[in-house]
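Can you keep this structure in mind? I'll have questions shortly.
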Amino acid sequence: MLTIRIGNLTFASPVLTASGTFGYGDEVSDLVNVDLLGGIVTKSVTLHPREGNPPPRISETPFGMLNSIGLANVGVEKFCKEKLPKFKKMDTHVFVNIAGYAIGDYVETLERIEVEDSTISGYEINVSCPNVKKGGMQFGVDPKLTEQLTRALRDKTDKILILKLSPNVTKIEDIAQAAVAGGADMISAINTVVGMGIDIATRRPSLNTVFGGLSGPAIKPIALANIHKIYKSVSVPIIGIGGISSAKDAIEFMLAGADLVQVGTSNFINPAIGINIISELKSYCEKENIKSLHDIKGKLEYQ
Amino acid sequence: MLTIRIGNLTFASPVLTASGTFGYGDEVSDLVNVDLLGGIVTKSVTLHPREGNPPPRISETPFGMLNSIGLANVGVEKFCKEKLPKFKKMDTHVFVNIAGYAIGDYVETLERIEVEDSTISGYEINVSCPNVKKGGMQFGVDPKLTEQLTRALRDKTDKILILKLSPNVTKIEDIAQAAVAGGADMISAINTVVGMGIDIATRRPSLNTVFGGLSGPAIKPIALANIHKIYKSVSVPIIGIGGISSAKDAIEFMLAGADLVQVGTSNFINPAIGINIISELKSYCEKENIKSLHDIKGKLEYQ
Amino acid sequence: MHNELATIESNEQISSIYQQMVLSAPLIAKDCHPGQFINILPDPKWTHVMRRPMSIASQSNGKISIIYKVVGEGTSILNNLKPGDSLDIIGPLGNYWTDFDTDYPVLLAGGVGIAPILYLHDHLLIKKIPHHLIMGTRTKDEHFFKEKTNASIVLTTDDGSYGIRGSVINALDSIVSGKNSSVIFFACGPSPMLNAVNRFATDKNINCYLALETLMACGFGICQGCAIEITNNSAISQTYRNQYALVCADGPIFDGKDIPLC
Amino acid sequence: MHNELATIESNEQISSIYQQMVLSAPLIAKDCHPGQFINILPDPKWTHVMRRPMSIASQSNGKISIIYKVVGEGTSILNNLKPGDSLDIIGPLGNYWTDFDTDYPVLLAGGVGIAPILYLHDHLLIKKIPHHLIMGTRTKDEHFFKEKTNASIVLTTDDGSYGIRGSVINALDSIVSGKNSSVIFFACGPSPMLNAVNRFATDKNINCYLALETLMACGFGICQGCAIEITNNSAISQTYRNQYALVCADGPIFDGKDIPLC
């Protein structure tokens, strides 16, 4: 009922956890049986280890939060040694999220993982990173760059390639089409929305980096709009992300056009939220007599 | 203390009410003495009367709301006859917000108002409207179009010309610079963020127009980020808008670079919120020994 | 229109699913009329951007009351308030019922739609205007009006567990046909009921005034969010355009003839 | 680590500005150690995206307690909870104090920083390890520990209204110099106090362990939001990188030597 088939992958349920909000799936093992999830997406991995941004890195906003973690991670080498082997014990889909500062970074990182004997299902590509070669402009705001990046990665892997799009663009449809033209198997969206917070007592930004990424329930309407635009412009499977905290939210994303969803910030309130949503979805399907959740994809009704 | 001078206008306080959320200032006269406000911005006026969009036109979201009113208004002719004369009795700055579907619409509307003997202080130009000549692309997403529109209006008035920018663009700095190049006296931002809601029971969008504009506290971090970006890219005075509901919020916008602020959605919870914020700002200045609120403009501290 | 910090006098369950809250709100009580509503801020820390509108169910001696059903967060908060607590309300809002002097008024209420109808009923009693009141619920336990029944108060239940089985429409025929003078309808309740009443009135050429509900952000004509489609630009309108009317400002009471039949 | 629905046993004001809440939470109580904390969901309808972390202030018989100050929305909600209410908590989280076997422990607490220090104090009493506890508040009314004072418990107030005038530092000299064996500090409190203690310890070459606080989203090493700068990659670390450590996972207890002096 909750099973979703995409290409030759079968997802036991359509609910995954979002990059950066669920670690590598092992930290939560005391609280959550990750095998019950449709899948997990790792924290972004980069070619070299990254310390991350100076503190403060997070702050709260109305029904949301800002973060500027700065892609803190151990780097692909250590990732392959320490994290990758752990995924073999997990009976769920693992997608490795990759970030970089030049196309070569992404490619090298992916290639490094490809040579390992692993059980991962594919990659999610974080394009919300500053491109050092283009004066810090993000990959994901430029269709050409997105297409180039996607193609370069496509050439190197037969695993599922998911492009994770940023909402901070005038026309996300153009970026989605570029990703598909470059060979992406799926699109996931949205990454965080650019935002800022200020502490009036200290007159300082609430994040060290001044600007950061807004996530949580506050951005759900923005995420839904982006998913529906993507749905109307490309035909590859879509993963909906942004402020999801209930089965109701997940269903909204599916009606808007998503095949799967990812739960991010809400994991901080309840690390088992993904699994709760899965059981709520099951009750919903039973109550509404829905044979497969795939039947509601894009079934938003309007003229 | 709260007085702000901009060009040859003196604002008794830096708090105005935002277009579409305070009518024409007369509807609330039972509850609010509008003369205590820094100013009011009218609901968008268009060349021809507009019925507005079919219902439903509004819906609630976490700490925010979506709207697609569709610029319902009586049209500039009736506006000049019925609304404009009322402003003479108000002892506060009135800015007429103008919207249109082609540059000629905006110009004709402004010219029609210019010939009246009125006490208005200027115009706020809503560029978040679909340009019918360019396949529905909004004026405010294109720097060239924004500059052209601004210049066309600049040629027709000596009153204050405020360009109100949309956040739904990749780089708001480009649009702000274009508006200034075209002769804008001030920039106001942000208009609503594109969003969408879905009712899973009916499987219909929560707005008849499917997509709508997100406003309210949820968008404050997004608005602050946009204001700070605009502040760093142009030197004209700036009006901060988006999710403001307290003096603390207003101060955040000023620290980020705003000279004035507008209160929108929060008027629905409390029509006197603007006036409350003004008295809170007064206490704040007294407590913090701030001589003029202008002294904190852009005083955000970071390296 | 006033923005008043009302004091709660009582807040009690009056039937299996309806609550009644009595508020001391002298300014609003002084100005209000049957059919009008107030817009409520359920809590000073309310994290929604809209108030919650509720019809006025009674008015006397500086007090008003509302009758509500707990359906979500706002009404749950209302339900937890205690006598002595205060509540930030704006009102009176909207237009109100008039025209009960010439024809014989028949008042029709479904569910919580009883609130404004009850106020109108009180008003007609005070003015000594003879009239009928028909109230429908789903089942017996939902009725809180049972003890007050008399020949001119008729109760119905969908399941027949009390009074006439079926909707308020089922009670109409005998009342209407029993009258020599022409009748006039005042109705409030769920959409299907209002549609049925409107259709009945149209068929029999009876004047009919309906109290409508929509989502409201401002409550007094500013946001233009509460628009409904209308078929006719009637004389009772205040801001009617050609196609849409605002429920908060042109309504909540509309002439059935202006509302599309469905 | 457990996600437990704890039951509130009691929730009482213990001084002019501090509350203590006792929770029945058998799983967490069984596993916790002095210095660890829990992460609290103040309300099932909480409209923030982060829980609220609180140090464990005591542990016994399946129960734990917290000591808190009402500063905002979350702590106000906690303050309104009644015995019998339940509370969703995750814990025990973070590292904990050890190393009290060789040196003479001096425990230093400022304000609500008393919570983990009190737990450590209890622990040392049970283990019969002689030690000193110094607690500072701004004024007399804030102290809740007055009746328990004995020679090894020293209280200070900023305004001198009770005990030693000034900060906990003012009480340190005599205690430290009076000891033959070397001492070790365990401290929790506001940043200025921790900085002063750290500086004092560095000057006198005393081992010093500080319990730190930062904003936390996850509470157990996932979000990387609670990073602080460190000057030294010490042995006690679990996920230390070179420049930053995570307060929730590498801490909240840090070796003073790893923390920048300021």
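Miscellaneous remarks
Read from first to last, the chains carry the letters A, B, C and D; within each, the first residue is number 1.
What we mean here is this: a contact is a pair of C-beta atoms (placed from the backbone, for glycine too) under 8 Å apart; a residue touches a chain by one contact, two chains touch by 3 or more.
All figures in this text were calculated on a predicted structure; none of them were measured in a lab.
Listed by label, the chains that touch chain B and also chain D are A, C. When chain centres are set by their Cα atoms, the one at the greatest distance from chain A is C.
Computed centre separation for the pair chain B/chain C is 36 angstrom, with centres defined by C-alpha atoms.
In this assembly, the C-alpha centroid of chain A lies 48 Å from the C-alpha centroid of chain C.
Between the Cα centres of chain A and chain B there is a gap of 34 Å.
In chain D, the residues touching two or more other chains are 47.
Residue numbers of chain B whose C-beta contacts span two or more other chains: 62-64, 217. If you draw each protein chain as a dot and join the dots that touch, you get one closed loop, with every dot joined to exactly two others.
Interfaces, counted as pairs of touching chains, are A-B, A-D, B-C, C-D.
Note for the complex: chain C touches chain D at residues 45, 47, 73. Only residues 61-64, 66, 141, 168-170, 193-198, 200, 202-205, 208, 210-211, 214, 217-222, 224-225, 228, 243, 248, 251-252, 255-256, 296, 299-302 of chain A touch chain B when the two sit together in their complex.
Against chain D, the residues of chain A that register as touching in their complex are 20-23, 27-28, 30-31, 43, 49, 51-52, 54-60, 62-65, 67, 69, 72, 215-217, 265-272.
Those residues of chain D that touch chain A in the shared complex are 1-3, 41, 46-51, 88, 90, 214-215, 217-229, 241-244.
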